[in-house]
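Presented below are the structures under discussion, each in the form of structure tokens.
First chain A sits with chain B, and in the next complex the same chain sits with chain C.
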Partner chain A sequence: MPDAKGRRIALGCEGSANKLGIGIIAHDPVTGEPTVLSNVRDTFVSPPGTGFLPKDTARHHRAYFVRVAKKALSASGAGGRKPLRGSHRDGAGDNGGVEPVVLYVSGGNTQVIAYAEQRYRIFGETLDIAVGNCLDRFARTLEISNDPAPGYNIEQLAKQGGRVLLDLPYAVKGMDCSFSGILGRADDLAAQMKAGEPGPDGEPFTPADLCFSLQETVFAMLVEITERAMAHVGSNQVLIVGGVGCNERLQEMMGAMAAERGGSVYATDERFCIDNGIMIAHAGLLAYETGFRTPLEESTCTQRFRTDEVFVKWRD
Partner chain B sequence: MPFPANVPLHPSQLQTTEANGKQKFAKINNHHHNSTRNHITDSDRTFKPAQNPENTITKLMDTSPQSPPTKKRKMATDTIAAAAPAAIEDQQEHQFPLPTILTHPSATPPILITQGAEGRLYKTTFFSPNIPCALKYRPPKPYRHPILDARLTKARLAFEAKVLERCRREGVPVPAVYAQNAAAGWIAVEWIEGAPVRVKINEWLGQRPRNEEEEKEADAKEKGPLVELMKRIGAAIAGLHRTGVVHGDLTTSNMMLRPPAKSTTDQGKETNGVNGVGSEEAQEKAKLLEGDVVIIDFGLANQSQSDEDRATDLYVLERAFASTHPRAENLFEHLLESYKQTFGKKGVSVLHKLEDVRMRGRKRSMIG
Partner chain C sequence: MATDDNFPCSLTLQVPFPDARLASVALQALRVDKELSGLVKRELSTVASPSSEDAGQTVLQVDYKATTNRMLRVAVNSFMDSLALVLEVQEEMDVDLIESEKANN
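Moving on to the complex of A and B:
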């Protein structure tokens, strides 16, 4: 919908997992330059030691949708009407890099992606659970707070660790990896810790040591599969997206790897890493500009929409 | 895929490949310029300072103290392309520190072939100056915890040597192991002539019409050589699995296409003639995909006879193949078919398992 300045405006709604996000973006009709008008999110936080259940998040989303939407609209200064948006599940379009390899790490996804011939191709991914899910569930084992996010609290706790590296499985297969075995072993170690058993150096170990060891292990795996994809496609740029991408230890490790290959890492912060409405609005508007239309009565939701299912018409 | 990009290329081919690499890169750059990516960056710039000045896009460039400055490295690469061989060695010594084994005065000056994901591949000689050898060196990874790094490097190298020896014993065509030092992070193996399958397939596909419809119209027979290659790859993997080895990182970068001996080439020509691919051009093209498939880079290999591990091996390749050669994705079934035929009963159950593995990865719940 054009605004007073003739810009196209789109509103994107994101309601996956326990987050509800609404974002409004404007594209200049001539240059295509996008401007973020507003980007609002509300998160359902479950008590420590528990995960969120679909019925609770659904209740949360219903209760907060109007509030979040009003906040997004008033912050953007846009009026009430909105064009129908397309949907794009991830933030793969959100970067400032030279054609990079994208590491997409969140509670639901762990993928190594690169763009080729109209699609974001998945080079590697988890063979079982997502890395964010592994971290979230381990936070539950340790009964760490879920506020603002379990992964964030693991990151803070890990900073106090480092005295010992506890032995966890390391599961990389080519550009794929797996996390369920690691989670199982970490849970076992947590049980040992609670029972007061000593660690490998004979000293008792702490939740901080466990968080440190878990992060060091799973992030090393992620950096390794990313590096393998970079060597494979001949890129030295990396973009990290998804909620786990906020983790500064992961960014630091990735930076060290990329620097050694003469490249660099692009990472963004929680506003664009974690589920947000802007990525939906932006992708929807890009699709709209290439002629993609969905009549209101035909619009539906596709859960489990995979990164490589989207035909990217707006790029070469 | 420890040493993927331009693995054991003949030095004379090195420059061509490098040029190809650059070409590809330049093309990719173009994508970037008129793409969404610029837009988003711009939006971030306009958006961020007002909202949250601390949380700007972090660009972690060359923060690691171990890394040489990017500029210097780039210069080094440029010089390699132009300089005389003697200068190449000098430049390379500046680029990366050599493993101790390659600093001994008796060794043939090593040439850095590629920087793979796991480490660096050098071409040097073993025992006598006439025996070329590939020396793979896995330097410590600065990003990895030192204990974890040492554990992984040592275990992987030891496994690689063990698995290669086993394959060799069983007659599976793999590079022979000359020497290794797992603690020091290197292994010296036989030099395989030829080019990676990935390069050959892309070269071959590159000569085909770009337009999808044209491609469909093109004679189905024309895909013959590629189908044949897919079958040879399938048979090679079946041979590997039969010995109780799973590769752990199958991609088209980790397979070499070793050019056939002269007599085989002549035979090939005859066969092509019989098949009706008459013109000289077509013959040249058909020759592109000739040769023995030699699987390399066993850095993530393991000994296993389980259907699950074998199926995962195939799944990793299937995905790597589809993402690397999207235009030939539909030919993967020929590989699987040939795998099944070569492997017999076992192959049937592995392919059955492959369907499970596919579902697990792809249709996983996105909740959580």
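Moving on to the complex of A and C:
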């Protein structure tokens, strides 16, 4: 619905996994310029060594929904407005029209994507668990805190590691990759470490060495499949999205690869990388502006909705 | 409601709302989440309150039928969680409340 300035306003609710997010966006009716009016999130954090269970997560989301919604609504009228940067669309625009390869890495998804002819086409993806799930579950093995996020704490711990790169499987299969075997091996190594057994060089190793080795291995795999997609579509730009996209080591490794190809990497921060209401509001409003409607009585919820199912009418 | 040989366990809930608009909003919001199990059938409707004749359809009526009492209990418990959220949103965030809060600030 339009506001006093004639801008279209949309509110997006995000409730997947352990995040509850509500975002409000405005689109200029002439230029289409999006402005983030508010973007509020609350995370259900489970104790160290445990994951979040659907029942507890649902209870959290119900308990916090009104609080988060009120915060988003009151913040949207209170100034502090920031133009949106870092959506798929702007990612393309900022790069002088060069279509980026998109690496979508989160707790639920691991995909290499490129846009062509009104669809985001999946070039490669995980064959089993998502890379974020691999990292989250390894944080559980090491009983690292889940606050603010297990992946963030692995990243911080990994900075202290690196004395030794422990040998983990490297599982790239064409354009696809696999993480469950790597997690299994990392869990085995963690058990060895807890039992006081030495590493391959006869010296003891630490949780930090394990985090370092896991990150270096899985991120190298992601860089490889992203580079192959770039070569295929002739792009030297990478856009990283999804919660794992916050990881600065992944951004650094991807940046080194892109620089060698004469390009660059675009990554955003936790406001837009991690699950948020703004991406829902923005995509919903773009769809609305191109005539897309879903009557309430035809609305449903689904756990399975693939990236390439969306017909992107709002792009060329 | 009529008994059904395959769905012998049934329960009818009647949830009164202050007005027909709020009852209708609740109906439309709750209807989006379909029953996930084929062992449970649910019908949602709004009906007139038996106590007042001219206030419109202010009562949300929920008819549940299930194959077993266990399935019925699981489905109704889950529905009550959703209903509680809808009521909380209406209590805390309905249009006129937001407007009056704005006016007060």
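As a working rule, the second predicted complex is superposed on the first by the 296 of 316 C-alpha atoms of A that agree within 3 Å, B and C clash if a C-alpha of one lies under 4 Å from a C-alpha of the other, contacts with A are read in each partner's own complex, and residues count from 1 in each chain.
FYI, a contact is a pair of C-beta atoms (placed from the backbone, for glycine too) under 8 Å apart; a residue touches a chain by one contact, two chains touch by 3 or more.
Predicted model only: the values in this text are computed from it and were never measured.
When the shared chain is aligned, chain B comes close enough to touch A:Glu216, but chain C does not.
Of the two partner chains, chain C is the only one that A:Arg62 touches; chain B does not reach it. Once the two structures are overlaid, the count of chain A residues touched is higher for B than for its counterpart among chain B and chain C.
Within the superposed three-chain model, A:Leu296 lies in touch with chain C and out of touch with chain B [touch as defined at top]. Once the two complexes are overlaid on the shared chain, A:Lys173 sits against chain B while remaining clear of chain C.
No residue of chain A lies at the contact with chain B in one complex and also at the contact with chain C in the other. Contact residues of chain A toward chain C in the complex are 58, 62, 65-66, 69-70, 73, 77, 296-297, 299-301. Residues of chain A that touch chain B in their complex: 16-17, 25, 27, 32-36, 51, 54, 89, 93-99, 107-109, 114-117, 119, 121-130, 132-133, 136, 165, 170, 172-176, 216-217, 220, 223-224, 227-228, 230-235, 251-272, 282, 286, 303-306, 314-316. Note for the complex: chain B touches chain A at residues 1, 4-5, 21, 24-25, 28-32, 34-44, 46-47, 51-52, 55-64, 66-67, 70, 73-74, 114-118, 141-145, 147-148, 152, 248-251, 253, 300, 312-313, 315-317, 319-320, 322-324, 326-327, 357, 360-368. Chain contact summary for the complex, chain C toward chain A: residues 28, 31-34, 81, 84-85, 88-89, 92-93, 98, 102.
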